[in-house]
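First chain written, first letter: the chains are A, B, C and D, and each begins at residue 1.
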Amino acid sequence: MDLTILWYIVPSVIMFCAGVYGFCTRKNMIALLISLELMLNSADLNFIVFNRFLFPGTMDGMVFTLFAIAIAAAETAVAIAIIINIYREIGNTDITSVKQMKF
Amino acid sequence: MFSNLLIWFVIVPIIMMAGLACCGNSNMKAIRAVMVTCSTVLLGMAIWLVCEFLRLRGAGDTSEMLFQGSWMWYEPLNIHLAVGVDGISVLMLLLSAIIVFAGTFASWKISPLPKNFFLWFALLSTGVFGFFISIDMFTMFMFYEVALIPMYLLIGVWGTGRKEYSAMKLTLMLMGGSAFLMLGLLGIAWHSGSAGVPEWNILQIAHNNSIDPSWQNLLFCFTFVGFGVLGAMFPFHTWSPDGHACAPTAVSMLHAGVLMKLGGYGCFRIAIYLLPSAAQELSWIFIILTGISIVYGAFSACVQTDLKYINAYSSVSHCGMVLFAILMLNQTAMTGGILQMLSHGLMTALFFALIGMIYGRTHTRDIRQMGGLMKIMPYLGVCYMIAGFASLGLPGMSGFVAEMTIFFGAFEDSDLFHRIFVIAATCSIVITAVYILRVVGKLILGPVQDEHHLSLTDASWWERLSTVTLIVCLAGIGFFPNWINETIQNSFVPIVNALQAAI
Amino acid sequence: MGITLPILILALPFTMFLILGIGGVKMSRKLAGTLGILANGALAVMAYIVAFTYFFSGEAQFILDGVRQQVQLFDVTWLAFTERMVVNIGFLLDPISAMMLVVITTISFMVHLYSWGYMEHEPGFQRYYAFLALFTFSMLGLVVATNIFQMYIFWELVGVSSYLLIGFFYKLPSAVSASKKAFIVTRFADLFMLIGILVLSYYVSHTPADGPLGGASAFNFMMLNAQPTNVLASTLGATFLSGSVLTWAMILIFVGGMGKSAMLPLHIWLPDAMEGPTPVSALIHAATMVVAGVYLVARFFPLYCIVPDSLTFITVVGAITAFYAAVVACAQIDIKRILAFSTISQIAFMMVALGCAYNEPIEGVHYSGLGYMAGMFHLFTHAMFKALLFLGAGALIHAVHSNDYTKMGGLRKYMPITHITFLIGCLAIAGIWPFSGFFSKDEMLAAMFNRHWFWGAWMTMVAGLTAFYMFRMYYLVFWWEENPEYKTSHHKPHDAPWQMSLPLIILAAVSCVAGFIPFGELVTYNGEPYHIHIEAPVAATSLTVAVLAIGLATAMYVKKNPWPTRLKNMFPALWQAAHRRFYWDEIYMFITHNIIFNIICRGIAWFDRHIIDGAMDGMAAVTNWCSVRIKGMQSGTVTAYVRWYFIGAVLLAAITWICLL
Amino acid sequence: MDYSQFGAMLPELIILGIFLIVFCTDTFGGEGARKILTPFTTVLFGLATVAIWIIPSNAEPIFGGMYVDTTACKAMKAMLNVGVFIVLLQSAKWTDSDEVAIRKGEFYELMLVTLFGMYLMISARHFLLFVIGLESASLPLAAMVAFNKKHYESHEAAIKYILTAVFSSAILLMGLSLVYAFSGNGSLYFDDIRVALTGEAPSGLLIAALAFVIAGIGFKLSLVPFHLWTADVYQGAPTAITAYLSVISKGSAAFAFFVIFVQAFGSMYSVVWEWMMYAVIIATITIGNLFAMRQKNMKRFMAFSSISQAGYIMLGVMTESALGLGSMMFYIFVYIVSNLAVFSVISAIERKTGLVGMEDYDGLHKTNPWLSFAMTLAMFSLAGIPPFAGFFSKILIFTSVTASDSMALYMLVLVALINTIISLYYYLLVVKAIWINPGEAKVEGFRSSGAERLALWICVAGIIFFGLVPYIYQYCVDMALPMFN
């Protein structure tokens, strides 16, 4: 069996869509973070796959992915810190209850 | 730069603002001293400018604009601070100076915040003067907007009645107009420039005359509507009654007296002069609108009971006449339009000054609650009647000269369409008489309505000074119109030539 | 003659107006009155000199080969609309303007003098004299106008002076509304005049500049009148409703005259104008301003003649008005109103005379400019005796403090001077030999009979009515039954002081002798002298009719008797209608108040406030509504935000993609 | 590798240097150092600002073209620095307050780090550097937004910010990964991408890539519909941070946006993203205005105002010319001073009284005439009223947009112009509250601190003179020119 580019792209798209879907529907902030992680990873996957299949002689995509992973980690850290703060304030991590400011 | 006389028309108001800023907040004496000095200087400068202008013209200087000066401002976009005057702008400057002068005295006892009032007032006059001296469209537009905005605060803070609503409405509608105007100006600038450099200088644009006719039509509509809003053209006039009704005296004077003239001035200086072929093609649309303005404003004025509303609707009618005349696109009618601007400026300023003075005494502007003021304050009563006569076109007053010039000029266009509208416009002289005499009859003449009014006093010296200045000018134009008429007519030559060439 | 006198004639009254108007507040009554009277006396003298020089000096510029010339003593540019339409202010001297100078200054002087007594106790005495000076100035400017536009200028100015003087008692609402009415009605008429001038000057100014009409400004009377055929030719090719444009222009200009001269249907202001002080009525509303319409027709006579339809129009309007006013005058009880309607009727008489004056020869009649001369003659005599009558009425009102003849009666014993002068006035207006009215009326009737027997007969009937209503008034005031109040009251009616009596006597004397002036030698349409001779049949007829009418009036009114009341009760509807002036005022009131004011003006004001203004407010409201409607977008939950975010991004891509496909 | 290349990154190095100094002082200086930290940092930063204005730019790309400090970049950085300096001045008093004093070092450090990130964004000519810059500009901001530990709103704002930020970076990365697929030779240099895309037919994937990139950067700029976080974050964040967010972060993103879309996707302009931006700009201006109309909280109000201003800034992108870039930079600079003037007033009043409602400003002129005056000028400038700078920035950007003879762009300008009416309405609401609304003033009269006054004076001077004196605009255009040669 020949693993064409589609074998990677399709999961990546599925991951991305799942991430978006999850982000839009879940209420727990941690779940939201996980959804975001899915989206970021799908982008990373794209980079790697494109690098591997389209531009096999270069490393740009790979390097980009490394940086992206690091950034994603940092983002998660900051987000978790803020979620903790929120938890201290309101006692839960339900995103729908954090909507005092609106309109 | 500072050796150019015109630029001082902007500098002096700025000095005025600076001087005011140095005054104490409620040091009325100092504030008045600054205002009186500067407005007198401005008036003197304006008179001197007129004399100098006539002297130069008499000496055979036939260039289109005199006292020209041009200094690069925004080089990447070829924007200059370009100044220059022809006979029309000279007269408009004189008018503005007169009204600023009269307005200063009319707001002698303004309160609260006298300093702020005069600061904004000075900014307003900066805009007005700057507008009339500019021959660069950008600077012209800038000064135009400078003149608009102080209105909001002047009405909002020092006004009466539904002032917040009116101030907001006035500002937003005028801004709406200038939004269209700005687009029109941009189009003109880019289409008459060359190689990615826009051209803003009016004379240069008129000289190039390189705007594509299909664009001209669009730009003409934009610019004419833009200026027309300020000229109180139907159906964009509704800011005028409310705005005037709520504005304090001096602001009404300046606004109706000068600011509304910016609209008419812009209409011919930019819309018609720079876009002649579109003017020939599309003037009919606006003739209909302004024709409606004339009759409509007059009829509306007949049933109002608030003095300021009456006068505001009357302004709609008279300013409609200005635009109407300008749209006739011939020299005589356009001259009449300018005369009407001058006349209406002085006359309506006088009206608003008087209304302000009457209101300051009786605390009402409802004509049903007043009567027989001639007995109580004969001076103001007589002035009101004079203003009324000027408004209804009594010979010997400027209004007559202006209206007649318009009618005779407008009658030169011999097709049925123009004729019908000219005759409709002439009807306004009767309707004007009706509403003016209605007010005079109820307010000035007749029995005293309210016993409390009997104890009121007549005009004080500053009020007399303010009104006498205006009346003298009204009668001056009315008695000796020809030099003004000639000055204006000569200034229209290039515009008329451009229009002729565009047929 | 130099230009000093002409300029002074215009400048002096205007200066007086300024002096009295601005400085009057600080002046004593005596000073103001003296100044006014002296100035006016000087003015009269100057006018006499000018007129005398014109008529009798025999200078070549005034009379050439026995033909009186038109002279522009000066003519300076005031305003130039275009090269061909230049408004000048000038001084035109010709027979009619010289005649009018005399009339105006004489009557004005009489009125100035008279007012000193009449207005003595009124507040605003100085103001009154200022207005009189303004009026005199405007009226003089009107008659000496060298061009139609100058005439229009002063035409408006007399309107304003009239407005100011009618509303002199400004605290009375009736005076205020009367002045307003007078101004607006005449202004309405002036609108037509303006349009007429617009039309005329447009066509004249669009002829070749080097052509026959190219010489002077398109407004100039002399130029226009000198070549009516060219003027007609300039308008040929343009017609409106099957009439030539010139006909329409002349009729429109005449409508202006109809307004000033109170012709039907624009007559409604004149009776109300009697709210003004009586001397003002004598000056403005009897002798001078109201004949401006007649003067206008006379001034443009050559142009009217070239389009005879317009003359027919004038004749018809005049004839109807004359009859109408005479009938109404029979049913009034206010003596000033009677005089007002009498004025309307007499002016209409002049109009008919002018209308009947063709200058082309008609079979059997050698001289057809007769009507013109007669009309002017009547204008002159009428000015004198009508001013006399009004001033007499003023003396009566001064004595009785009422305008109403029911408050009078039997006054002949108390006021002998007034009685005699008033009687002379009545005889003159009734056309009894040898009073002045007889001569002028005779000439007019002769001219009408020449034109067509119908006009002659019709106007003879009006003359009879005139005699009847004048003597009705005369008897009711001076005879009938003495008002019992006179006996009991402290202040018995008495003759007026000398300032008032003197003008009465002078004017009465003039009325007696004016008929013998050889008017035809002085004023004719073409400047050639015309020898007046009494047309015996016409004179006999009119005299008979007048005497019969006076006899009828004597029978009915000389002593108190029930017949007038019975007659009134016999035709109540007719009486009522005549008394209410055939409901013209009500009709006007309905149109102006109910239709124009209530429906049109209020409608427009409503439209403005609700539709136009509503549209602007509506835009703001719509913006606000949108703002409120979309606020749900900002719901506060991050997941919703992100949903929008993602949808936005996808939509952006999708729409662009679809558009590019 | 030639380490001397780092020498070309002088602006970044200066910021980094200050960061290190502040960090060391804060960490090792103890209580005494913390006291003087505020003036110390401010002065240091002021010096840095001056330095950045005067150091020459280096047009040579370094690191193989990843980074270039062109004249335009340097000018932009200098302008941002002025803004940051003003923010520092106006927040000086706030950092001394009890709640913040102990953590003020963090505040400065975080701010400097974000500024560093923005510098990278501005100078980046490679997507990797750009993403790094973007993230380092946006992540620390989340911490800054959450700076008011004792206020719930601050946390709510922070969570909204961080979640949306991460989401947007995911979208951006997704977009970039697609762009990568189109890059031809696997290079993420802007220039290479432009070369690769030239002549490329716009496929669905490419369109999606561009849309995602617009969405990703649109988040920073708060373009509609990627703006929804803005209002809540601005409202909840400490006022100094809001000011920083609204001008500095937005200004740098706008510049970066311009560079990316002109340099990397320039060839796709008239085919693809012109129309995308057309729609986005109209939506941004209009929706921002419609929301701003109804706001009662000043900070929230300013959020929507800044959204609509972002729309006007983006007009510059539509020009794709040096004139446009210059006008845009000028707009940003004017926007910085105008907006910061407003925030100076807001923060001064909030610090003194804790009031941020628009109705709290009623009758302000009676008690605080100077603050009222400054606020009025700032509002007029934002609304685009002459003779204040905002007028010139608006008109000049409109002028440069209409330079191309395209009717579509004229209509875009018309929409923008009509929107100025709505914006004038709500700016005037503030003016109205200050000058016209009746009733007693809710804010007591007080004297602002020296730093606040200095900040205000700088802003007011900018508002008055930036437009009247043409050199700033001239400078912007001159600086922008080399980028297009």
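Quick note on the criterion: contacts are C-beta pairs under 8 Å (C-beta built on N, C-alpha and C of every residue); 3 or more make two chains touch, one makes a residue touch a chain.
Keep in mind that what you see is a predicted model, and the values were worked out from it rather than measured.
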item: Contact-graph distance - origin subunit A, target subunit B; value: 2
item: Chains touching both subunit B and subunit C; value: D
item: Chain pair with the higher count of C-beta pairs in contact (B-D, A-D); value: A-D
item: Chain whose Cα centroid lies at the greatest distance from that of subunit C; value: A
item: Mean-CA-position distance for subunit D and subunit A (Å); value: 27
item: Where subunit B and subunit D are represented by their mean Cα positions, the distance between them in whole Å; value: 42
item: Geometric centre distance via CA averages, subunit C-subunit A, whole Å; value: 96
item: Subunit C and subunit D, separation of their C-alpha mean positions in angstrom; value: 77
item: Residues of subunit A touching at least two other chains; value: 23, 32, 95, 98-103
item: In subunit C, residues with contacts to at least two other chains; value: 631, 634, 636, 638, 642, 646
item: Residue list for subunit B, restricted to those that touch at least two other chains; value: 172
item: In the complex, subunit B residues that touch subunit C; value: 169, 172-173, 234-235, 237-239, 241-242, 296, 299-300, 302-304, 331-332, 372, 374-375, 378, 389, 392-396, 400-401, 404-405, 407-409, 411-412, 414, 422-423, 426-427, 429-430, 433-434, 437-438, 441, 444-447, 481-482, 485-486, 489
item: Parts of subunit C lying in touch with subunit A, wherever the complex brings them together; value: 631, 634-639, 642-643, 646
item: Subunit B-facing residues of subunit C, complex; value: 25, 77-82, 85, 149, 153-154, 156-157, 160, 163, 167, 170-173, 176-177, 179-180, 183-184, 187-188, 190-191, 194-195, 198-199, 201-202, 597, 600-602, 604-605, 608, 612-613, 615-617, 620
item: Complex contact set, residues of subunit A against subunit C; value: 20, 23-27, 32, 95-96, 98-103
item: List of subunit B residues in touch with subunit D within their complex; value: 25, 72-77, 113, 138, 141-143, 145-146, 149, 152-153, 156-157, 163-164, 167-168, 171-172, 175-176, 179-180, 182-183, 186-187, 189-191, 196, 198
